[in-house]
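Just so it is clear, A, B and C label the chains in written order, and each chain counts residues from 1 on its own.
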Amino acid sequence: MGANAYQIGENNDFNVEVYGVAAISVVSYGDAIGGDVNPELNKGPVIENESRIGFRAGKAMTENIDVFMQVESGYVDNVDWGHGGVHGGVLGFRDTFVGLKGDWGKVRFGRVLTPMYEIIDWPYANPGLGASWDWGGDVAYYYDRQSNTIRYDSPSFGNFNFALAVGRDDDANPSSQSSSGQDNASKDSYFYGAAAHYRFADMVTLHAGLEAAQDFRGSADVDTFGWLVGFEASLPAGFGLAAAYKSGESKDKTGATTVKSEQDSYSVIGQYWAGSLGFKLGYTANLESEVEGVKQSDEDSIISGQVMYVVNGFVPYLRVAQRDIIDWRGENDDIVVRVGLEYGF
Amino acid sequence: MGANAYQIGENNDFNVEVYGVAAISVVSYGDAIGGDVNPELNKGPVIENESRIGFRAGKAMTENIDVFMQVESGYVDNVDWGHGGVHGGVLGFRDTFVGLKGDWGKVRFGRVLTPMYEIIDWPYANPGLGASWDWGGDVAYYYDRQSNTIRYDSPSFGNFNFALAVGRDDDANPSSQSSSGQDNASKDSYFYGAAAHYRFADMVTLHAGLEAAQDFRGSADVDTFGWLVGFEASLPAGFGLAAAYKSGESKDKTGATTVKSEQDSYSVIGQYWAGSLGFKLGYTANLESEVEGVKQSDEDSIISGQVMYVVNGFVPYLRVAQRDIIDWRGENDDIVVRVGLEYGF
Amino acid sequence: MGANAYQIGENNDFNVEVYGVAAISVVSYGDAIGGDVNPELNKGPVIENESRIGFRAGKAMTENIDVFMQVESGYVDNVDWGHGGVHGGVLGFRDTFVGLKGDWGKVRFGRVLTPMYEIIDWPYANPGLGASWDWGGDVAYYYDRQSNTIRYDSPSFGNFNFALAVGRDDDANPSSQSSSGQDNASKDSYFYGAAAHYRFADMVTLHAGLEAAQDFRGSADVDTFGWLVGFEASLPAGFGLAAAYKSGESKDKTGATTVKSEQDSYSVIGQYWAGSLGFKLGYTANLESEVEGVKQSDEDSIISGQVMYVVNGFVPYLRVAQRDIIDWRGENDDIVVRVGLEYGF
């Protein structure tokens, strides 16, 4: 979005920007979100408005330190029940931070993606693979966007760059006893993350990430560890290919013995562009998770195809996905269809 | 507001605007909101801040398709308990959509007014008639602002134009099981709406609207239908007159037999301008509703007068209304006094 | 912030501004927020993002009346549980009003600080004294930011100016029976406030404030009264000194006999600037409260030191405070450390 952000002027040397993304789609989940087991959960087609608005302001503090800030709303029609029913239309829902940058890299304090999740989200969750790949796993071993995070992103060293982060959990519903509300944390709950990116031969980029947490999401005695490796390749004649594998484990020491859960997942995405017309096909799967080495028969997968057309900077798309998902609602399989349009400004 | 919106510039061909309305008033409801029955509900005078802020961004996609979006907050001091306690200060509370337009009209996807409710709200609810006319009825048969709506507005064909909409209910309090939060919907709950406007002799405009819903507000087996006709007339010597009649029914098929409820309502508003000084007088009534043909002794009415003065684009006003309202709190009659100021930017 | 606000242009004669404050800090409360009694409440270091975004728009209405409005969000990562869990990222959380001004002063309608609390907050709560001085008292006798307020601020009469306010409580959690949500009020609950400021010899400013309420915070039969006196002095050689004393009482007439509670508090702050490097040292204490003349052994205090450095308009700071606090969680003493950066735009 940096390239698109609209600079509304300079004031006292501050660059101030308002920016946003317009993103609308009509989607029908069919039985894929619980309707196989409970037909009432099949709610029919709905409109999802994932548009958001943000603000940025910054200026140079010293010759080699720029100070910058960002405040961004969430999707304007969503509610985050995991955080106590916060409406997406509040400012500070998505990446919201104050940072410093220079030719030494940049460091941000606040609410940002973890380095590993950033790779999970892009390029490996699109088109429409997130319900399995992002948040569909049966073993939880990574955060996504976290409020209590300090994250460092290196400058490019030739074709290489990396990111490091340390943060706290804030997944508990903030309670009235919290002195500061949203940015809750649990004593002894910390996570550590890293990512590395390397590009070679001008056509292949390798991505790797890892994330370790103690007292994951504030659960005393639950430690987690996960890693991801992946690549993106630009092939001749308009073709492209990307794939990633991730694996994680959770050790629950609450009881008399430690219970170890593990799960592996992968995502494979091909694309083809014929001028302004693009096609994307993705497949992702969570393999059966294991608890103390015993398989749990909980594998799920999504295969999804997308057709898109670039016209004067807009990219309307049609996406059709077959979801085979097993979650707390049982096994729910169906075709999900989405038609949408998105643009940043 | 379109005319007033402030364009903050162009970026990558996008027109980006921030706009808003400042609207403050001091109001005393007296016993009109329940105090007749329960004196504790008479809370004394309060300040209502109905100000809101919005953003727009768009550009041409093709020669005859412009893409546009709008995100607007609610009233900055309100809470919408009907939607789970969403604060008015969130973005996305009022009309929030992405749309396409051209000389063929415009279509919007997202959160907009229904065609019939748009007429109910203006010109027939001002000054201060809404508590009976808008939302005071005893038979519910129309939505107001709905998230899951696709609405088409025609261009002007001479003096005629029309609007069509199809949408879903989202009145249920979004639950944690919802995949997308705010934009909830219930299976099989749909509504269909239309409006038409015709102007003749340069002084009279006719308005008509209708709205039909199945599984209204997500209630299985409750179907509704309603219609409205009205006119506005500019009379000589600074006088004006407007009146509308609406009628609706609700069929509840939950039990062994279908229960049919009906209610009719009307609104009549006269105005007179002497230079910058304006007067408005309105009367509205909900007639007795009928359940299976049996009258329910639940009629209510409001008579309201308003004095306003235009000064350099501002319109401060004083409004005095006699409300005779019967609702779930019992019969509550009193005079409501409001002093306020409103301006768009 | 007025001087820093960024004017994004004029539209139809309206000046429209977007402004904001970026404020980030890393803070460790140690045991000071309950950890002495309940170690689980010691949550370890967290990041607090007190950044906020606001909008202003106004223009002249007559030769001597300018109309202005402001809408400001709260801290983007906070939640106000006292008001029903409103997220700080909503618009309308901090000072949000419509007002009129001229050479006769200014009057604001909406959500503003009370005149006395404005003095409590500045200059007497910084650095880091608020947990005792602002909101740590055992006898509640003043509001802070109130929605249902009309506040008048005089122009300067030479070195003197004053402010007057009248308002309503809105501390109750808004309920679904409220017609207007957030701006709730209780019948017969009113407050009255005043402040005066006098500067002499170009180096000393005196501040005084008072506030009286009936049915304080909507509690029938609880009346309160409080006052504050203080001074600020610019001393030679970069030194400065400020101190204030406040005293208040609450009379609870709920039972058969009136119960009177009283408490006194003071705050003393010294500062020293050596060029761009500044030091601040503050001490505040709530003296033992008395209920019907009986001392309650509930005194608390904070001593806090701050080092700050001005660099190109930014002021990074380090603050270390020893808190000795007795509240509903018991006695909790510890050192609070905060490192932060703040700037307005």
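Note that in this section a contact is a pair of C-beta atoms (placed from the backbone, for glycine too) under 8 Å apart; a residue touches a chain by one contact, two chains touch by 3 or more.
Note that the coordinates shown come from a computational prediction; the quantities given were computed from them, not determined experimentally.
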| item | value |
| --- | --- |
| Turning angle required so that subunit B lies on subunit C, C-alpha fit (0 to 180°, nearest 5) | 120 |
| Proportion of interface numbers common to subunit A and subunit B (over half same, under half different) | different |
| Geometric centre distance via CA averages, subunit B-subunit A, whole Å | 38 |
| Multi-chain contact sites of subunit C, meaning residues that touch two or more partners | 8, 18, 73, 85, 87, 90-91 |
| Subunit B to subunit C touching residues, read off their complex | 4-8, 18, 20, 22-24, 26, 29, 33-34, 39-49, 51, 53, 73, 76-81, 85, 87-91, 311-314, 329, 341, 343, 345 |
| Touch list for subunit C against partner subunit B, complex | 8-9, 11-14, 16, 18, 55, 57, 59-62, 67, 69, 71, 73, 84-87, 90-93, 96-98, 109-111, 147-150, 168, 174-190 |
